[in-house]
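When the chains are written out, they are named A, B and C in that same order, and each has its own residue count from 1.
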Amino acid sequence: MYAYILRRLLMLIPVLFGVSVVIFFTLRIIPGDVAATILGTDATPEALAQLRKDFGLDLPIYEQYLQWMGGVMTGDFGESMRTGKEILPDISSRFAITFELTMLSAFISWIIAIPLGIIAGIKRNSKTDFGVRVVSLLGVSIPNFALATVLILVLALFFSYSPPVGYVGFFEDPITNLQILFLPALVLGTSMAGAVTRMTRSSILEILRLDFIRTIRAKGAKERVVIFQHALRNAMIPILTIIGMQIGVLLGGTVIIEQIFSLPGLGQLVLTGINQRDFTVVQGSVLFIAFVFVMINLIVDILYSYLDPRITYK
Amino acid sequence: MAKNLTAILKGRGTLNTVLDIKNLSIEVNTKKSKYNVVEGVNLSIGKKMKYGIVGESGSGKSLTSLAIMNLLPDVLKVSKGSITLNTEKSKELTKLSKREMQKIRGNEISMIFQEPMTALDPLYTIEHQLLEVLKFHTNYSKKEMRELGLDMLNKVGISRGKEIFKSYPHQLSGGMRQRVIIAMALICQPKLLIADEPTTALDVTIQAQILDLMNDLSETHDTSILMITHDLGVILETCERVAVLYAGQVMEETTVEQLFTNPSHPYTQGLLKSIRSLGDHKNTLYSIPGNVPTPAQYENMGCRFSSRCPHAMEICKSKEPSMYTVEKDHTSKCWLHEEEGVAYG
Amino acid sequence: MKEFFQRLVSDKVGLIGFIGILLVIIVAVLAPVIAPYSPDRMFTEHTLEGPSSQFLFGTDELGRDIFSRTVYGAQVSLQVGLIAVGIGATAGLIFGLISGYFQGKVDQVIMRVMDVFFAFPDILLALTIVAVLGPSLTNTMIAIGIVFTPVFTRLVRSAVMSVKENEYLTSAVAIGVQPVKIITRHITPNIMAPFIVQITLALSGAILTEAALSFLGLGVQPPDPSWGVMLNASRTYMEFAPWTILFPVSAIVLTILCFNLLGDSLRDLLDPKLKQ
């Protein structure tokens, strides 16, 4: 088992290497002089040259890359081109917010979607099933930013409520923290719930069609045992796949939701970085998010092999 | 006098039989269509008897067995008739509640399905899946269950029981899995074991072993067997009585001996001819010409075999024949028996 | 093909989706006829007015007719959808065919590159690409096209591999049919079913991503009438002028809903595993 995890970790190295190359080089093919965009058109040639030198932009591009990667390996993500601040501390403090938001949203979506999907699957073609299918189809058709906007509008119009401004860390004041994060997490969670519900329902349906379910019924199992011990456990494998994929969607969704709810998370950092052409920040944050995403997928894969005895660790 | 008594008892069908199916019809009921896929089936399975149902795919043989277990798919339901199980008390299976039926499945009636490769839950160990049956139906302690389970595995010819207990289905061969499934089916000592093509998916060499095993075990456990198969060879090897099913109806019902020596229904004759031609190198392989009608065509077609029957007469295409008693213990559903002096064979 | 359409028509849900998409297409094509005003025309006397007979959906903060902008927005959405998915599907088809057909080292390289792209959450990858190319309609389409390439590549590759197992192909190879011919004659027609389903789903994904990027200010640029742009611009005024967001939101949701309806029904029709 440990050998398997270790091997999977080793397999991530080329992927992450590829990710870093892609991010770094795409951000370098931007037309125009980065230094000029930062300093503005009326900057002196000396100032431009100095800035280029400060950020190593005068070096050959592969050397720039090696320098950056060397730094990243030792935990130095470089400094912001705008503020000159070190990037990594900023990333990690903001990641705490994004991570909390992602996990809360995932949790909300699971507690909504998995039971609904199971009920709909079991009571196939019933009114309940029909209702769940309509709602989940609407769920996958409403983009999270639209849901957020409409929700804010409805709360403002009918309840005179507006989402709190500012952010308080969980460890400073858990209650205020959860109050702040609740609405954004609800939006992200419900907008993801549609897809998970659909997947859960179709997985349950597919499993219930299999031969072994009939065998278990023929053994005299109560419906409860058939569903919860056998059908659900088997359905967990495809459900887990969709959950893993959805975490990526959630991480991406945080970029939008953090913007709408003014949360100082990692997504917002990327967005400001892009808008201010602060590429050291963008490349650092995107690399970090990709790393987290890849790690989450690894965890999903490990859970997979834990759930399914047919998967060997070799 | 004694003969009279048995006749009376048989008429009641409670003492000598384990299962009585009377006039059973199964109906497909969807928004688009509604018709019978099984119609007017009568069967009586005696105690310790090995009873066979033979028929092509689509004849309704598997549906009949699923109807006994009350495991028909959602779109199908028993529309007419009764299925009576006679154990300590007589129970009308079509009228039982879900709960009551669950107590019977795996306990009083067990079922073995065709595909051993997919019949077990891939995520649980053999131990879990075997002992599960005991958990559903008995109050034994964990230890007693384990002992019973190992003993049962031993009986089905698995000696390394403790090792097999820890394995998952994908680690076993098809023959091993079918043995495990038989163990599961017999562990509660059911009165009736339904085997739906239990050997079709297995290697030829293993088929005979599995059939022998079922035969032996049913004798030691006093279990009746209902063997569902498309293969007359399996019937010959294992059964005492047999019903020939065609297009959802019983065409002929008799002892296995009489079926092979004196087949009365043209369909049965065709089936026998096709297996006999197998061993005969001089002739080309015989097969019954034409196709099985689909359930939608059943209505108004007279005898359902008439479209393929070499002896078909005018009446066959317009009017359905009834069951005729050809000889003692032998019935056949064919207009030919209406007239005298028809040569069989 | 005819039978396929008959079945599609008999499936009411799919039909609703299909008709809905047809309507969106008609609206987009006939936008100049349907829209009463130019999407950019500002009625400075009529800013943030509610729906009326003159302005069916009301006006925005610059006095532009929201109905006209919503109608023209359909053009943007469809254009982005078609071109972005066209880019992604074509690239995916090419890479997938090469990868699945030749396998070996070429396959290894292509699939590792796709793995790298899979390591980015979709929207983040699109954002980064747009950031590099600069926000504009064209670049949005390119970015979304790149984001969708890996999905199509994987799909086509696995379909090709399973088709390749078939005996008739082995024999085609054995009698020395040219690889290109094998691909065009034998493999491509066989992978159409899952490919079409994926295209339908990708179309709704592309429209959604465009709206999201535009919403963030990194997609279509104002004053172009993208639904995402309209939504973003109205956020400031929505409390006093709810109609400014109501109509673009409805347009996005209904369009995506129709694509999802059609996609679901196509998948049920084309996926042999679900047929009963």
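Observations
Operating definition for what follows: a residue touches a chain if its C-beta (ideal position, glycine included) is under 8 Å from a C-beta of that chain, and two chains touch if they have at least 3 such contacts.
Heads up on the chains, UniProt names are A, C = ABC transporter permease.
Bear in mind that the values here come from a model prediction, so they are computed numbers and not experimental data.
Path length between chain B and chain C in the chain contact graph, taken as the least number of steps between touching chains: 2. Chain pair with the larger contact count among A-C and A-B is A-C, by C-beta pairs in contact. Compared with chain C, the chain whose C-alpha mean position is the greatest distance off is B.
Separating the CA-averaged centres of chain B and chain C is a span of 54 Å. With centres taken as mean Cα positions, chain C sits 22 Å from chain A.
Computed from the mean C-alpha positions, the centre of chain A lies at a distance of 54 Å from the centre of chain B. By the touch criterion stated above, chain A contacts chain B in their complex at residues 124, 210-212, 214-223, 225, 230, 233-234, 307-310.
Listed in rising order, the residues of chain A touching chain C in the complex are 14-16, 18-19, 21-23, 26-27, 29-31, 137-138, 140-143, 145-146, 149-150, 152-153, 156-157, 248-249, 251-253, 255-256, 259-260, 270-271, 274-275, 282, 286, 289-290, 293-294. Contact residues on chain C toward chain A in their complex (touch as defined above): 112-113, 115-117, 119-124, 127-129, 131-132, 134, 204, 208, 211-212, 215-218, 228, 231, 235, 238-239, 242, 245, 249, 252-253, 256-257, 260-261, 264. Across the complex, chain B meets chain A through its residues 69, 71, 74, 98, 102-107, 110-111, 113, 115, 118-124, 132-133, 136-137, 168, 170, 181, 184.
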